[in-house]
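Before I ask anything, here is the structure I am working with.
Chain naming follows the written order as A, B, C and D, and within any one chain the residues start at number 1.
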Amino acid sequence: MPGRVESLDLRVRSRALGRSWGPRHGNTMAQLDSEVKEECLREDLKFYFMNPCEKYRARHQIPWKLGLQILKILMVTTQLVRFGLGNQLVVAFKEDNTVAFKHLFLKDYSGTDEDDYSCSIYTQEDAYESIFFAISQYHRLKNISLATLDYGENEDNRIGLKVCKQHYKRETRLSSNETLNIDSDIEIDCVLLDLPTLSESSQAWKQSAFFRLEFYRLLQVEISFHLKGIDLQTIHSRELPDCYVFQNTIIFDNKAHSGKIKIYFDSKANIEECRALNISGSTQKNTQYVLVFDAFVILICLASLVLCTRSIVLALRLRKRFLDFFLEKYNRRVCDTGRWEFVSGWFVLVIISDLMTIVGSILKMEIKAKTLTNYDLCSILLGTSTLFVWVGVIRYLGYFQAYNVLILTMQASLPKVLRFCACAGMIYLGYTFCGWIVLGPYHEKIIFRFPARRKEVKNAKSCFPACVTVQPYIELF
Amino acid sequence: MPGRVESLDLRVRSRALGRSWGPRHGNTMAQLDSEVKEECLREDLKFYFMNPCEKYRARHQIPWKLGLQILKILMVTTQLVRFGLGNQLVVAFKEDNTVAFKHLFLKDYSGTDEDDYSCSIYTQEDAYESIFFAISQYHRLKNISLATLDYGENEDNRIGLKVCKQHYKRETRLSSNETLNIDSDIEIDCVLLDLPTLSESSQAWKQSAFFRLEFYRLLQVEISFHLKGIDLQTIHSRELPDCYVFQNTIIFDNKAHSGKIKIYFDSKANIEECRALNISGSTQKNTQYVLVFDAFVILICLASLVLCTRSIVLALRLRKRFLDFFLEKYNRRVCDTGRWEFVSGWFVLVIISDLMTIVGSILKMEIKAKTLTNYDLCSILLGTSTLFVWVGVIRYLGYFQAYNVLILTMQASLPKVLRFCACAGMIYLGYTFCGWIVLGPYHEKIIFRFPARRKEVKNAKSCFPACVTVQPYIELF
Amino acid sequence: MPGRVESLDLRVRSRALGRSWGPRHGNTMAQLDSEVKEECLREDLKFYFMNPCEKYRARHQIPWKLGLQILKILMVTTQLVRFGLGNQLVVAFKEDNTVAFKHLFLKDYSGTDEDDYSCSIYTQEDAYESIFFAISQYHRLKNISLATLDYGENEDNRIGLKVCKQHYKRETRLSSNETLNIDSDIEIDCVLLDLPTLSESSQAWKQSAFFRLEFYRLLQVEISFHLKGIDLQTIHSRELPDCYVFQNTIIFDNKAHSGKIKIYFDSKANIEECRALNISGSTQKNTQYVLVFDAFVILICLASLVLCTRSIVLALRLRKRFLDFFLEKYNRRVCDTGRWEFVSGWFVLVIISDLMTIVGSILKMEIKAKTLTNYDLCSILLGTSTLFVWVGVIRYLGYFQAYNVLILTMQASLPKVLRFCACAGMIYLGYTFCGWIVLGPYHEKIIFRFPARRKEVKNAKSCFPACVTVQPYIELF
Amino acid sequence: MPGRVESLDLRVRSRALGRSWGPRHGNTMAQLDSEVKEECLREDLKFYFMNPCEKYRARHQIPWKLGLQILKILMVTTQLVRFGLGNQLVVAFKEDNTVAFKHLFLKDYSGTDEDDYSCSIYTQEDAYESIFFAISQYHRLKNISLATLDYGENEDNRIGLKVCKQHYKRETRLSSNETLNIDSDIEIDCVLLDLPTLSESSQAWKQSAFFRLEFYRLLQVEISFHLKGIDLQTIHSRELPDCYVFQNTIIFDNKAHSGKIKIYFDSKANIEECRALNISGSTQKNTQYVLVFDAFVILICLASLVLCTRSIVLALRLRKRFLDFFLEKYNRRVCDTGRWEFVSGWFVLVIISDLMTIVGSILKMEIKAKTLTNYDLCSILLGTSTLFVWVGVIRYLGYFQAYNVLILTMQASLPKVLRFCACAGMIYLGYTFCGWIVLGPYHEKIIFRFPARRKEVKNAKSCFPACVTVQPYIELF
């Protein structure tokens, strides 16, 4: 706001100067030419700083850009909502599968994770039972699972379950009975249990030396296996179903040796091409309409991009004319605020938003065509661009007088608010460090999540009354 | 406030003009006549804009309307509370029944719903057991249920349990062992298990081919049955008990094929006429008093309606006189604000409230007489009208000077607050869309409830500090 | 504030008048006498409105009252804390017993109440089992309970368990098979199970006709029994232990006939004299110190009471003198605000507080001496009086200039805040009625607790942002 | 702020006086000398109150102190974060062990503590089972525990489990059957169960008279034992693992005799030197780098300490000169505010912070070297000093004009805010006492935690709206 007001002053002043100086010196021809040029520049400047309504009234210029932006808001939001609904299905499918796996492979899983780990065990018996439970559930998988699952191949192209255990090396030299001998080097032993082994009626694998765990030197046991799944929901909404490979890993973490083994379950889901699948029936071929819609969005964004770039180029040219004129006439350089006044931040916002929408839409079309599965990047691009487009609406509200005051006031107050936040932030930072180190460790819940959001939220809450009480200070400036 | 102040100014001004102009030109008869007319109009205007106390002092007009409104507040609130207490019983009965059904028909129901579904299962064994459990509980219903239930008749007038399963059609042509063959068309199979079938000691129905589920192509299993119940509580409070037909549906939803079957329990309760019921004993016949009370409420609302309508009609006539006079004397049209000043928003509020109370009371009497069971519409009508009546109390507070200032100030500030909300709303909308698409899907809890209230509340909370910090801006206008 | 300022003005004015009038008329003796009297009154008034520090400076009057109040704050707070700690033990004992009873007598009690009822059952089998469980636990009580319990005598002086069932009378006339016959009159059947009956090995009581419940007409089953307990903790802190009689009642509530029987457990604990108790050993005899302390508190409060009453009497006399003088001299009555200025609200507060402390302390001594057990009344009296005493501290803060401004400002702003609250309250009341009736019944949690605090708190929370946004309005006055 | 402004005024005034007085009297030599001295003092004063940037501009003095402080912030924060991460591991290990012990030794432990106690039992059978469970788990410990635990020696150097029971002495004289005879003296019986006793196959210890508990006079049963553990995690991050001795105590608390025995589990972990431990392998020897870093922090803090102390000494000298000059010239003493203006609070803060950091760093080095295990004191020292260092950053923000205004405003408003808080505090204190005694005991949750934080937070919350509504009052000053 200060910038804009200053530049307005400047224009007013320059006009006033022009008028008062004009009659005094303006006799020669050069003077006249300069005056014509000045008048022309003044007209162009006045027109440039008009809003669409005024432009229409002044030169009957139809506000194409304005119309385009309004159309763009509608299109981009529609596209985002459609994409979001599709994306939800994909994410929900992955999460439901993870939850189902936890219920299948973790013994006594309660349905909710305890913390960042799924469950925890405290006795040696429970440890053996949990490991054997997971292995035998894998063996019986096809008879118990409700999902359409199949065994997948490992990294080394074998079907089966890989069990690895990490432990400290046992000390080789003989020691007295009383002493704990530990070599701090870590050994990793692995075994692959394939389906035939698991099917043996004698369950000989359970008796193998591998499964005799020495807990005092055990660091962790890791059970990993691959499963293949298929997301049939997409048959309704889209053409082809996605096929998934789930890389499941169960980790029994005993690194702390605190008598509590934490069980982590991790399921990574990769989308792959479906091969062994045969779908028939009347599938709806509505994909092309979606692609046409996406293409249309790209077109509109391109148009908007071109128009805004053109505006900025014209503005820069106008600025050059103005600066030259100013330098020539008053032999003075225009201040920085005056220079920046010419480059509208809104146009920059629109251009960034357009670029993001275009890239996002292309990604979306690729995903639709099953050549890409990069849902995350696409959702970030489309989401952020939509945020910018909606924030851009505020600019159009600024064309109404009442709102303009509001917006300018907010612009003017922002630095004060930020400055206050900086001060409060310093105190808060010190408080956080101090609180974390002095109080933190003694609250079990805070330990594992120092950089997590939850704690900050709590602190922010407790800080909140303070914020309110200092609020009057802001007003005092 | 601006409107009222303006009109007051206007009146003062016109009076001042009258006095200064009077002596100057007022000699002719026409002038005198006009002056008398003007004085008369001025008196009427002054009287019109008085509040009841002033009116009483000026013309000893007893404030009937005021008394009526106060009486109405009491009556309407009493009526609402009575209706609310009755309504609570009905709703509580329905909900208790639903909870009881969930405990009876859902295996291992924990007492609280997991999400929008009641519980979930993860293994084939659980799926079969849950289905068979629901069916056998239905069969044993009369021996286990604590409620006075009876089997109801289906849509096709048969007593029994209807089990339907939806699945993709199996591919007819032969396929290799490795390939999954699915026809995207959906088939629905149904079977009706009547009581004789269920009573067979051999439980042959469990072995039928229908209950051999192929989970890879199963979409959902739906068990539906009708039960008849009776709400005996009403014997105490009202004359006749309500009879209910519960249309229960248990849905095993496997549409996602994610390995997790969600179990939905849905119970629709319809109130029906009780036939096979025979009640004797000393039932209290207090219904007629309630009906008389309702009738009295309707009468009062009608009176209030008539008085307010009359006031508005008189106001419109006065406005016409004033506009004519103004046009004739100053040859000017009165501005819109001045015109609207005559139509009191409070009267409109009272009229709407009265209409709603009358319709609501009639509905309530019908419900009492068991000819209607439309509790919802009736509660909306009565509730909203009571809200309006209480809000209307503010008007009477406005008669006290101190409160009037408060009310006028709030009126004046409202547009600024709304304008600010519009700006904040834009940013919030963009933020919502962006946040939903970028962050949303990765938080399990937000997925299924995008348009639900809960999320918005949370967002609103997190937005709240922001609101507080921008609050000073509002004051800057 | 206005009042006090006004009276100060008044004094200043009267002094100014006195000085200017003095020289003009003051020749006669009467005049002189009057002037002396006036001067004397003026001095007294000035002294009366001084604060203790000024009084000390003016007439070297030692501020006894102030010292007494400060001493009283210390004493009363100490007394309250001591009483509170003792009271906590009593309440904790009662609640722990109630929780223990719930675990003993309610089958499958989870440890937390579900709502206002402890647990709920949904099948006939559960109903029988719960009832029989409670009865057999009563029988085995001495072998299972950890507390020192004994069977107590019923109202009719018999030891045993009283089981009552309420149900609608069965219709006498024969009815068809299909019709439900209910007489709306209610019958109550009771049976007393004494210990010999319960000890029978055949458990014949279970087979009695009484325990064949007809759920369709059953309203409630009530099991009631008395138990005697003893609170030994008091041996340490006080001289004699309290003996308790627990009147336990288990109610199986089927009034709604909704298929859900709610089980209420109610335990009323009465303190009684311990008879069959024999305590020896070195019990600490510190009770007398407590009694002395209480007596000292009573003494101080009496002194404070006398001093404050004297102050008020003196103030009233001074007022009379002032009013007479004013009437005589200026022939004018003093306005009401001026009159009330003489009666200090603080003194009234202190007197009320003193009276409450005295009565409370006497009660406390009686409780100590085991002649009374009225903990509740005593805690209300002592608590409220302490609140008043602490609020009274604000008065002494008012003697410092900086705080006085604060207090006067708060006094001045209070009516505006209250007025605003009245307006908001109206809207809120309407909103509450409307919200309750329109939305309420459909949220299970709100149903049963309409007049409870929890809901209001929630509403208040949701109302809170509104309060904040309207806050600037208050400042506009 | 007032102080500073006043002193600035003072300086301005004295300068103004100097100039106006100079020409009038300044002819003699003494006068000249005095004037030179005055000018010199004025220059020094001006320089003293400059900020670093101005100092640099005035005398090209490089701001060493400023640079040092900025370096210190970085170093101290890094040190704190490193220490905090290490400390977390230690605390987490202790807590995980405690949780694991609770799962091992408490029967039916749910995983979360009920209140300040871990679980509670309600029947005699449960009491016996819980006690025997804990004892037999201790016996089987090596076969069930996942941690590397060993039996530790008691205070009297014996390995085993010590069971103590407290009860009232039984009355010796014979009593009638009906009377409860209790001697209020307390007896303590203890028994030590060593491993051989526990290993007896007949489990004769269970049948001993000691374990025949008489609950009516039992006060508590205490099971205590020592276990040795080892924290192997530190092998990775630091050189040597810590060895722990866990002093575990299980208390069955029946003091209330309310029928509910509360089970407390308390585990005290002491770090001891590891003896029977033999670690080999390639341990990383990175400890010396950490020690060098700590030493460097100490050096920097010493430098900062010296510089700040020097500044304060110089300031005090300057003050002496100023006071002497003032006394000599104007024969007046400088007011207190003027005096305090010379001692910068920031320097005092920095000095305190430096001292704490130095002591904390030395402690940290000792802990690293395993000669001390005083984690708590060290974390309090380092944490608090870091808080101070960060708060000190605000001072540097004060060098920028815009921030300075903010800081001065906050300084000026602080007393008003505090004064308001004092008033509110009085009312709140009274309210707390009253609320605790009148309402407190009847809410189960508040009983046991009167002085705890939780309740205050709740009260503070309910008080919060009040705070907001009175906020405008603050602004009125």
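Here, a residue touches a chain if its C-beta (ideal position, glycine included) is under 8 Å from a C-beta of that chain, and two chains touch if they have at least 3 such contacts.
If you want to know which protein each chain is, UniProt gives these names: A, B, C, D = Mucolipin-2 isoform X3.
If you're wondering where the values come from, they're calculated on a predicted model, not measured in any experiment.
Enquirer: What's the overlap between the neighbours of subunit C (Mucolipin-2 isoform X3) and those of subunit D (Mucolipin-2 isoform X3)?
Expert: Expected: no chain.
Enquirer: Suppose you list every residue number at the subunit B (Mucolipin-2 isoform X3)-subunit C (Mucolipin-2 isoform X3) interface; are over half of them used by both chains (same) or under half (different)?
Expert: Mostly different residues.
Enquirer: Overlay subunit A (Mucolipin-2 isoform X3) and subunit B (Mucolipin-2 isoform X3) by their C-alpha atoms and let me know the rotation angle in degrees, rounded to the nearest 5.
Expert: Answer in degrees: 90, to the nearest 5.
Enquirer: At what distance in angstrom does the C-alpha mean of subunit D (Mucolipin-2 isoform X3) lie from that of subunit A (Mucolipin-2 isoform X3)?
Expert: Distance between chain centres: 38 Å.
Enquirer: Taking the mean of the C-alpha atoms as each chain's centre, how many Å separate subunit B (Mucolipin-2 isoform X3) from subunit D (Mucolipin-2 isoform X3)?
Expert: Their C-alpha centroids are separated by 53 Å.
Enquirer: Touching two or more other chains, which residues of subunit C (Mucolipin-2 isoform X3) qualify?
Expert: Expected reply: 468, 471, 475.
Enquirer: Should the pattern of chain-chain touching be classed as line, ring, star, complete or other?
Expert: Its topology is that of a ring.
Enquirer: Just spell out which pairs of chains touch, all of them.
Expert: Here the touching pairs of chains are A-B, A-D, B-C, C-D.
Enquirer: Per the contact definition, I'd like the list of subunit B (Mucolipin-2 isoform X3) residues that touch subunit A (Mucolipin-2 isoform X3) in the complex.
Expert: My answer: residues 114, 121-125, 127, 168-169, 171, 175, 178-185, 215-216, 254-261, 415, 419-420, 422-423, 426-427, 429-431, 433-438, 440-442, 444, 447-448, 450, 465, 468-473, 475-477.
Enquirer: List the residues on subunit A (Mucolipin-2 isoform X3) that touch subunit B (Mucolipin-2 isoform X3) in their complex, please.
Expert: 77, 80-81, 83-84, 87-88, 90-93, 95-97, 99-101, 103-104, 111, 143-149, 230-233, 235, 276-283, 379-380, 382-384, 386-391, 393-394, 397, 402-403, 405-407, 409-410, 413, 417, 460, 464, 467-468, 471, 474-475
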